[in-house]
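This is the structure, below, for whatever I ask next.
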C-alpha cells in the first residue's frame, strides 16, 4: 500500500486522532513508525490505522516539536533530562492501548517523549545506554558492560505545564510490599529471552511488566546501511518459525515500490511455502503449549511430525529454519522435482495425525481446565491492544490479512477464516489447530495446479526503489506482519520498520493476567504464541 | 513359601551362640549390616528406576532413550551418578546455611525410613511394628519438611513459591492416602505390614479381589494421592519445570541435588511398593484355588512377586506421568478436597459396612 | 602411560575435525607423562563426565529451536545421555549458547556461567554465538561469546542442523575425555580470560569502590612445575 | 473439521465421567504410541551410527561454502570480488594482485587468498547469486565443529575440498519418504 499521509496541527493532534477512532472507525492502530526525517523536518512519527469493519487503512504523519525540558525531576537512564532539548508529541496511548509499548519503543530509539504517556521508560535498551541509536546522527562505541543494569522503580510522565513548558513527574511501578519475581530472561517457559517482571500476591499475579530487548539485534538500523538484497537476509531470523512470511512481507514491499510483476508460478509457490511454514509454526506451537503445561509426550508428537514438514521445505530451500527462499523478483531456486508428490503425501499424513494431538492433549480434561478462562481478553480489548493473529481470532476478531487484504493466491482459493468466541487460551489453541486444517486445504488446492513459468524475474544488478513510502503486510504465523518502507531513491532504504507480531501480544499480557495464577501466566504465554526475536528485532 | 526369617534367625544365632557375642555387639553388627543392605538396595533401586524412567518415557515419546553408553545404554545412569558425585558443591550467599544443608538430608531420611517398611519377602521386613501403616505415613511425611526447608532456605523466590506449593499439596494428599490405608486396614484387621500381607495369602485373597468394589476404589484413590505425594506428574507442582525452573532444588548442585533426585524416584517406588503390599498382596503369590497352579506359583520366590507387582505399578504411574499435562495448584486442591477426600470417606464407610455384613470374599 | 586417544562410537578418530587442536591440548595437559593410577582414575571419571553432559536450557534464538529438535523423537540426543536438560544453572554441566547474545543479555550469560558448578563447559552454537554472525555490524550484539566466557567447542552453521549439534556435542565429549581430574587445572586461563573471569559482583564492587583489592585465594597443593611456570610467566610480564 | 469447545457439563458426576473419559482417550493414545515400532527403533534416526548408511541430508542444504573445481582440481575464481561486495557481513575476504598473463600479455587479476570465515557466515546465498563465473557453491557438509575459533577461518583456494568427512552425502545420501524416518542404521 502506497502511503498518503494525513497531517494535523500539533495542538489539535490528540482530538483529531480521537475523531479518527470514534467517528471514522479507525479502531485498530496497526503500528507507529518513529522516523528521523532529516535535518529539515527533524524527528516524527507515522501512524498507520485500520478500520476493522471496512478494512480501509490510512496513515498520519506527525512531526515532533522540540523544547528544553523544564525543572522537573531527574529522569531515568539518560541522566537528568532537565535542561536537555527534548522532542515531544502528544501520546495516543489512551486512545489505542497498543500505543503504550509502541511509544516506549520510539522513545527508546529516537528520544521522542510522548506527552501524557504514564510510563516513559526505555523498552529495549539498557537504562545506562547513551543516546538514541536510531537517530541519523547517533554514533556508538560498541562497548558494553557486564554489570547488572540499574532499573528504576518508576516511570516518567511528561506533560506541558500551564506556561507551555515541558515537565516530567514520576509514577511508581511497585508498592513497598510487593513480591516481585522475574520470569526470564532465562526461563524455560518464556520461549527465549523474554523477561516478565511479575508482581505476585501468593500465587496470584497482580501486575506484569514486560522487559524486552534481551535479543534486540537492531535489524532495522542495520538495514539502513545495507543494499536491498542484503536486507532480505536478516528477516528469516526474526520469528524463525515464520521465516517465509517475514521475507514475503519485505520482498512484497520492495517489489511494490519497484513495481515488479511476478509470474503466476512464483505466486503459487510463495503461497504454498507460506502455508507450509504456517504448518511448521503451528505444529511447534501446539507442541510448546503441551510442553509448557507439562505434557512432554504431547510435545514430542507434534515435534515429530514437524520434521516431515521441515524435510519437504529443506529439499527445496536448503534450510530447516532459515529458508532464504524468496528474493526480489521471485525465488532463490525452482521447487524440488519431488515437491508436489511430497506435499500430497504430507497432506495425507497430517490430517489424521492432528487428531492425535487432540486425543493426547487438546481434548484432555486437564488441558481444558488449565486453559479455559485463562488469560481472557474480550473482542473490544483485542482490537484496542491490537492482538492480531490467532490470538485475536480466538476472541472473534476477523483480522486475517489473507482475507482482508488478499495477496498472491489467497484471494483465489477456497478457505475459511477460523474464528472462535471463547476469548481465552483454550480457544487460542483450538484456532491454531483449526488453522492447520485450513493450511492443508490451501496446499491441497494449489499443489496440483502450479503453472509453468519462470521462478525468477531477472532484476538489475543494483536494485533501487523510487522515492516514496509503502506499507505491505502479510498474515504471519502469530499475527499481522508488515513492513513500512521509506525510500529516498537510494540503493539502501532510508527507513524500514517492521510491525512485529509479538510486541502487541506482549503488551496485552498485563490486562490478560491480572488476578490469574502464575501457572496461568505460563499457559497464556504459551497459548498466545510469542517468539522473542520477532518482538525485539 | 520360603520364609526369610529362617536366614535372619540363623544369622542371629550365629552371632550370639556360635561366636558368643553379647547382646549389644550382636545387635550392633546386625544393625550395621541391615543399614548397609538398605542403603545399597536404595541406591541400586533408584538407579534402576532412573534408567527405567528414561527408557519408558522415551518409548512413550517415540524415541529410544539412552543407547550409546554401554549396551542399550545400560551404563548411562552409572555415568550420571559418577559425575554427580564429583560435581562441585557450593553454598549460596545469603542462604540459610543450616536449613539449606539439612533439607536434602531430611528428604532422603524420610524416604529411606519409609523404604524400610516394605515387606520384601516372607519374613524379610526390616521394620515391622504393630502400628506399621500408621508409622509409615508419619515417617514418609518427613519429606515434606525437607522440601519446605529447601525452598525456604535457598533464598530464591522460585524456591519459596515451590515450597508453599509442595507443603500445601502434600499435606492435603496425606489425607486421602491415610483414608485409603485405613480402608485396607479395616479389612485386614491389622496395621502390621507382615500381618497385612499374611491376610492376603491364599486363593483370591489379594485385597483388591477380596474387598472388590471398595478396595478397588481405595486402590485408585491411593494411586492418585500417592502420585501427588511422590510429587510426580501430573502433580509435580513443587518442581514444575516450566514454571519454577527447578522448584525447591533450584539452588542445589552436585549431590545435594542428587539426593532430591534419588528421593523423588524412590518415593515413587515406595508408593508403588505400599500399593503392591496393601492392595496386591505384597509377596503373596497369585493363587486361584487350583492346587497344581498354586503350587507352581508358590515356587516363585516372594521377592520376585513383590518386585513384579511394585514395578508394574511404577510403570503404570510412569504411563500416567508421561501422558497428562500438569494441573494448576488450585485444581490440585480442588481434586483432593472436592473429589478424592469425600470419595475416600464414603469408601471408608462402604468398606466398614461390607466388613460388618461380611460381604467380602472369605 | 600413554594418553589414550578419545574414542567415540561409530566415528573413527581420523575422520574427526580438528584433531590437531585436540592433540595440542593433550600435549599441554599431560606434559611430563601420566601416572598409571591417577591416569586410570582420570579415565573413569572422564568416562562419567563425558557421558553425562547435562545442558542448561539456554536458548536465545533460532539455534535454540534446532536444539529442541535435537531432543525430540527424530534425532533424540537422549541416546547419548544428553536429554537431561536442567533449567537451573547449578545442576547443569554445560551451556549450549544457542543464539545471539546482545549487550543487554551479556551480564545474564556471564552470571549464569558464574552460577554453574565445576566442571563446566561452554558450546557456542551457530554464527551469532561464535562471532556475532549475521548481526556483526549491529550496535547491540556481542561479537562472539568468547568475549565473555571461555568456549570449548564451536559449532558453525546458521543455524547448524541437529546432526551438526550432535557432532559438536561429541566433539565436546572428546575434549572431556582427555581432561585431568587429578593434578592440574584443565582450563589454563590466559591473561585476557583472567581479566574476564571476574564475577559480576566483583565488577560492580570495583566500579563502585574504585580499584579495591579483595583477598586472593591461595591454592596450596599445586605441583611445583606449575608454580615455576607461573613465576616465569610473571617475570616475563614484569 | 472444526474444533470448538465442548458442551459445558457442570453436574458433579457428569464432569467426573467426562473427565475420566478424556483421560482414558489420552492414555489409549500414548499406549498405542508406546508399542508402535517397538522393535524397530521407534522414530529415531540414529546419527552418527547411520552417517554412512541411511542418513539423508538435502543436497541443497547449506553447510559451508566451497570452490567448484574441475577434474584437475583447478578453480574458476577470478578474484572479481563480487561475492565479497555482496556479503552482508564481511565473511569473505579476497586478496589478489595484478599480473601479466605470459601468453597474451594482458594484465589480469590473480587470486592470492580467498578467506572464508565459516564462523561468521549466515548462508544467505548472496555470494553464489552474485558470482558470474559459477566458482563457488554451498555444500551440505555439516560436520564442522571445532575446538579452536581460528580453525573456522578457511582458505578456499588453498584446500582441496573433496566433500569433507561425508562425501557420500553430497547429493543427498539415502532415500527418504514423507511420514517415515530412516530409523535403521544399516
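Before moving on, here are some points about what is shown:
Per-chain residue numbering starts at 1, and chain names A, B, C and D are given in the order in which the chains are listed.
FYI, contacts are C-beta pairs under 8 Å (C-beta built on N, C-alpha and C of every residue); 3 or more make two chains touch, one makes a residue touch a chain.
Since this is a predicted model, take the numbers as computed values, not measurements.
Common neighbours of subunit B and subunit D, listed by label, are A, C. Centroid distances built from C-alpha atoms place B farthest away from subunit D. With centres defined as mean CA coordinates, subunit C is found 35 Å away from subunit A. If you average the CA atoms of subunit C and of subunit D, the two centres end up 25 Å from each other. Computed from the mean C-alpha positions, the centre of subunit A lies at a distance of 49 Å from the centre of subunit B. Centroids built from CA atoms put subunit C at 39 Å from subunit B. Looking at subunit A, one finds that residues 187-188, 233-234, 297, 300-301, 304, 307, 322, 360-361, 364, 366 touch two or more other chains.
In subunit D, 23, 26, 29-30, 33, 42-44, 46, 61, 88, 122-124, 181 are the positions where the chain touches two or more neighbouring chains simultaneously. Multi-chain contact residues of subunit B (touching two or more other chains) are listed as 58, 60-64, 67, 241, 245, 322-324. Viewed as a network of touching protein chains, the structure reduces to a complete graph with every chain in contact with every other. Within the complex, the subunit B residues that touch subunit C are 54, 58, 61-69, 73, 75-76, 78-84, 86-90, 241, 245-246, 249-254, 257.
Residue ranges of subunit A in contact with subunit B, taken from their complex: 179, 181-182, 187-189, 200, 202-203, 290-298, 300-301, 304, 360-361, 364, 366-367, 369-370, 517-520, 522. Those residues of subunit A lying in contact with subunit D across their complex are 226, 229-230, 232-234, 297, 301, 304, 307-308, 311-312, 314-319, 322, 324, 327, 332-333, 336, 342, 345-346, 348-349, 356, 358-366, 368, 372, 418, 420, 422, 426-427, 430, 433-434, 437. Contact residues of subunit D toward subunit C in the complex are 42-49, 51, 55, 57, 61, 63-64, 88-90, 117-124, 142-149, 151-152, 165, 181. Of all residues in subunit B, only 57, 60-63, 157-158, 161, 164-165, 233-234, 236, 240-243, 245, 322-331 touch subunit A in the complex they form.
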